[in-house]
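Two complexes, one shared chain (chain A), two partners (chain B, chain C).
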Partner chain A sequence: MSDVATSGLDDAPVSDSDSAERIFRLDETSAVLRLSEAEAAALAGNSEDPPSGDSADQRMILNMGPSHPSTHGVLRLILEMEGETVLRSKPVIGYLHTGMEKTAEDLTYLQGPTNVTRMDYAAPLFSELAFSMAVEQLLGIEVPPRATWIRMLMCELNRAASHLLFQATNGMDLGAVSMMIYGWREREEVLRFFEKVTGLRMNHNYIRPGGVAADLPDGWQKDIHRLLELIPPRLDEYDKLLTGQPIFRKRLQGVGVLTPAEALALSTTGPILRSTGYAWDLRRDQPYLAYDQVEFDVIVGTHGDAFDRYAIRLNEIRESLRIVEQIVDLMPDGDYRTQDKKVTPPPRARINESMEALIHHFKIFTEGFHVPEGETYAAVESPRGELGCYMVSDGGPKPYRMHIRGPSFVNLQTLPHLMEGGLIADGVAVVSSVDPIMGEVDR
Partner chain B sequence: MSVLDTAVLAIDPLLSGDLDLGIVGIVALKVVVAFVILLVSVMLMIWFERKLVADMHNRIGPSVAGPFGVLQTLADGIKLFFKEDLIPDRSDRVVFKLAPYLSLIPAFLVFAIVPIGGDFSSGDGTVTWFGERTYLQVADPPVGVLFFLALSSIAVYGVMLAGWSSGSKYPLIGSVRASAQMISYEAALGLAIATVFLTSGSLSTHDIVASQVEGNWNVFATGVVPFLVFVLAGTAELNRPPFDLVEAEQELVGGFHTEYSSIRFALFFLAEFMNVITMSAIAVTLFLGGPDGPILVERVAWVWPTLWFSLKVLAFLFTFVWLRATLPRIRYDQLMDLGWKVLIPLALGWFLLLATLNVGRDRGWSPLVVVFASVAVLWAGAAMLGGAVRKARAERLALEFESDEVLDAGDGA
Partner chain C sequence: MSDGTVLYGVPVVETAGQVVLHPRVDQWLETVSALKADGFCMAIDLTAVDYSAHPGRTNLPDDVNPERFEVVASFISHVDGGRRVRLRVQVPEGDPSLPSLFNIFPGTEAMEREVWDLLGIAFDGHPDHTRILMPEDWVGHPLRRDVPMGRIPVQFKDSPVSR
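On to the complex of A and B.
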């Protein structure tokens, strides 16, 4: 596998164990710049130093971000550079930290999705799904089939929207500004459908413990068919605009190469792991929802470079649409949320005639429903990789502890290794191809 | 009039006789007209670019100020003029203030040597104003095209000093990129222009245009390749996409003008778009026959050359915008590779080929033999160059592997 992954360096004498070791070296040769905040500030201010013959003196510390056009929000990179070459780097995070995991301990299980949906704001439904699945595991309730299929439909559309956003930002980071607008245009079509279903374009709070917030609106099949007819030809246009473009290929191929061993050592998941040729997709390998009943391919790359990550995401949009097409035909009838009266509030009409219903309604929305004591972990395949929710309940109406395993956060630690030895322009391409969402990194 | 004056201001029939107030007036009028035309066309060009690129992006673009947003540039200019002018603490204040003018003034001056009209096919390219015959260009120095190259070299200083004097890191990287890029591509640009000298036999822009009458354009006479090299190198020289590394916003925030604000930024902006227009005008003059074109309605004969010239320039401007909307940005090392390993050898080889053909024609050698021998020599040269490039790359890779192996061994120990 390694000789495939290190293509371009065909006879590179790097075995898997060596490449994993390279990740963990700690000395001067490490890709990670180990520099305290104070040291970085002192070095960054020191631009007046006269250059001398010693190569160490010709190095420059460059602060990229947290406010920079291509650091995807508020990521900050401290780069040690020699000319345009990036020698070592250190991603600095925390600029978007709002304590969401701590906030979760003060919100009831029903309010929880409102909170987690703001983490990965490009793919909000996946955080909601992971949270809801964890709560449902603790409650030990079954979700009605229609709710499961609605969740799958919405998540696959969200995956497409998220990857479309990646196409947009990736194009922009490489200077193809038209691509940015085109990617947004198509994403907007998907978001329009979301607005119709959930009432919001982003941060939907749609998937909740026990099911989904509302049934699909009448005529949803027509909207889906419209999307299915609209988006695939546009994807072919992207292929024409970018995939075969010589400048585009030269900018991405062989840039930010990761071997499967390195990818595993850094616990990457999602398109970054798959780009190395390691086929790992939770939808197939640990099926949740009803993914074992639909047909789809897991897209893998061979070289582990930025171009593979681009191509994987582009083709995953096609796969997602393929799943959506099957869901439209297979969508069962029935309830869109569980009929467990302790979890689901009673319908409005029942409150007028039943005292019991009124009390349930009041209790669910003030105190919240109680969840049995225990701990659990639920993971879903988000567009960025394994998105997990670890939850501990002490039997009360609020989580004792809630932790999200954000794939963006874990994937971010590949940055120094991918950027090592490249130019600044490669660094931008690498950050773009890792596609971190800072809301999910900082939580 | 002294000999020196004639040499500098050249052979415009207007200046061949004695100077009087009327002639000075006409020259002053030409200067003012050229200045105004350039400024107005820059304003329209910025609007045109924004509107066209918006169309290609599926956007609306400027639409509020004036009909179709055509006054947007004016509004932006007024806004920038009243913005606070910041000069960074770490900057070299004098150079920081000087740099925008080093960019702007050459951009203005280049336009002086461009003939924007005049009937070259049936006349000698002159027009009659107030009873005086004159060229439709501000000046026609005998060193015309060299003047253009000299000014575009000075413009490099504007960009370089702006980045260096800002006392900031992103502008510094931008200016280092700029000086390397613009100097490298100037070589290719110069070599492409040299082929025009060979076919037209003059440096004066007026004479170059006069030698291309009736469709006998240099683009064909020099065999298309120098034209393509010129357009590519010109795009790089202008820092237009896909060669806009100097101000690559995704990498360097704003590049060399990151620290500039207010009217100083506006001057860079103006210079950039002015350069786009003058570069297009120069390309049209050198390769596409300048104002050459059929005169369709005899009654307004003087309109047609200027119209053809404007249309040709517009075609170039459209192409520049089109490139911007379509292509991703090239990487720094790839840019240098393209300049030094492809464009310069290609332009040089083509120049030698044309020179050989010219000599062969003068001496009466068999053209077939000349072409065959030249192509063989060029092929051999290309093979040697390619071999050298491949060898260098192999050695560099070998060196990288060696250091990697040492590094791995060190880790294992």
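On to the complex of A and C.
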């Protein structure tokens, strides 16, 4: 772990008690403004009659978003302000809700990844992975080792791409606009590799039940080595540009502080939980794929503030690249998808000579394969935290119910607690440091 | 299906390494409290399923009566590399409500709002019992199975075709 991860000035505020008491509060001292949208609109529109309280004449209701440059898409915040200070707030979501869980009930298991990949559009491969793992658990099939390692390679690159996007947007939100261009530039290099492998820069539909859609292209090692040479020096440049920069540090340090107990109470996962100093990473603690065969560090913070969340994500890019480097050496040969005839269509050559193969091929792509009745939950560590897929099958070719536990959706609950008592400008830094992807929040 | 095992006074089934508890509605809060006291420190997920289109499901223990709705919650303990349990509680169609877990796991606040919004299962004692994803004035609960899948209207789709 490099030095920058141990972030924070010594005088950065650390909560004295490790109690989550403030999360449970329901009265006026709570950080959450529990108003319906109609109530908030009535209050915001009527300045003659402000809410009661000691300093009632000073308080106002302010709407931020849903279309605001720093709300990462369509997040609306109802803020109760006193001057520049945020007292209570409530995130209002649903502006991007398209009923993807309902849609999933009408798609076969093979079509399913095309749907879930559009949830977290910054890290699409993780949704595909969770979905595919759930289907495979219900089917009771094992994927071949090469498919497992290809999945790991792609996911770690996707984690790096997602965190690079965070570096870009985080810099932009705080006024370091050149950072936006740098972050985007490096992410584009990763996306170019994705395009070569999957055919698409985003929304890949690459990880599917039973394996992956296609083998890695010839010469993929060369592309990976190029990325491994290109990106780490650029990360060191970010360190120079941002990590040690006094203005950047002052904007982030001590802003949006969360304690481990509060993070656990709010079901927070991912970099936000780790920023509190709580080392929990599914890749290490409940290894899936082949994460138990590679070496990496779980990056944790100390202060639970916005700066720690920045530093954790920056160093997780380094750890991801470290894993990718090991995968290049360890990548096994073999099939890239399972040879279970129930799930995988027969090869093209067989269709030409066998009527049964032709029927089989036709059935898989029209009706879809049947999955035994049951229910299961599969979880992966996405760049934003635990991404889970709960799936119920009634024995048919389509999921009876498919639910995605989106880390952004759950992590968004921390926003009011992180913004409480801060300035509205700190609120921008807080939203940025939570790094919500609204496609996954609203689904 | 049931092997007769009981945990926290609740029938438990283990399938493929996943531990699933089946409390009744009146055992809901005490089971979750017992889990929390036992080191399950985080409510990782809470969702619900409408089984009205799949009535004859077979993966329930013998002493659990299937109902239309089922609320499914996952909890995780971080001790010893992590353990997970899942709770499946049968919620009747006539009274689709369940006590809120807010006072035990406040992180379920948004998840319970989502279940209310999309499936219409009420959570008694929830501090902010409003819709979360659908518009506030929306009528109905779209993830219920009796709500048809949305379609984009296609011109002439229903008009008589000459063949």
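In this text, the second predicted complex is superposed on the first by the 417 of 443 C-alpha atoms of A that agree within 3 Å, B and C clash if a C-alpha of one lies under 4 Å from a C-alpha of the other, contacts with A are read in each partner's own complex, and residues count from 1 in each chain.
Keep this in mind: a residue touches a chain if its C-beta (ideal position, glycine included) is under 8 Å from a C-beta of that chain, and two chains touch if they have at least 3 such contacts.
Model, not experiment: these values are computed from the prediction.
Using the contact criterion defined above for the overlaid structures, shared-chain residue A:E101 touches chain C, although it does not reach chain B.
Contacts of A:R226 after superposition: neither chain B nor chain C is touched. When the two structures are aligned on the shared chain, A:L266 is found in touch with chain C, with no touch to chain B. After overlaying the two complexes on the shared chain, residue contacts for A:R192 are found with neither chain B nor chain C. Looking at the shared chain after the overlay, A:F248 reaches chain B, while chain C stays out of its contact range. In the overlay built on the shared chain, the residue A:E84 is in contact with chain B alone; chain C does not reach it. Of the two partner chains placed by the overlay, neither chain B nor chain C lies in contact with A:K342. Taken together, the two structures place no residue of chain A in contact with chain B in one case and with chain C in the other.
Those residues of chain A that touch chain B in the shared complex are 9, 12-14, 18, 21-22, 25, 29, 47, 60, 62, 68-70, 83-84, 171-178, 181-182, 185, 241-242, 245, 247-248, 250-251, 423-428. Residues 20, 23-24, 26, 32, 34, 36-38, 93-94, 97, 99, 101-103, 105-106, 137, 140, 264-269, 280, 285-286, 373-377, 379, 386, 388, 390, 392, 394, 400-401, 403, 405, 409-410, 412-413, 442-443 of chain A touch chain C in their complex.
Residue ranges on chain B touching chain A, taken from their complex, read 56-59, 90, 167-169, 173, 176-177, 241-242, 244-245, 248-253, 324-334, 397, 401, 404-405, 407-408, 410-412. Every residue of chain C that touches chain A in the complex is listed here, in rising order: 15-16, 18, 41-45, 47, 49-50, 53-54, 57-59, 72, 74, 78, 81-82, 84, 86, 88, 102-103, 105-111, 114, 118, 127-128, 130-136, 142-143, 149-150.
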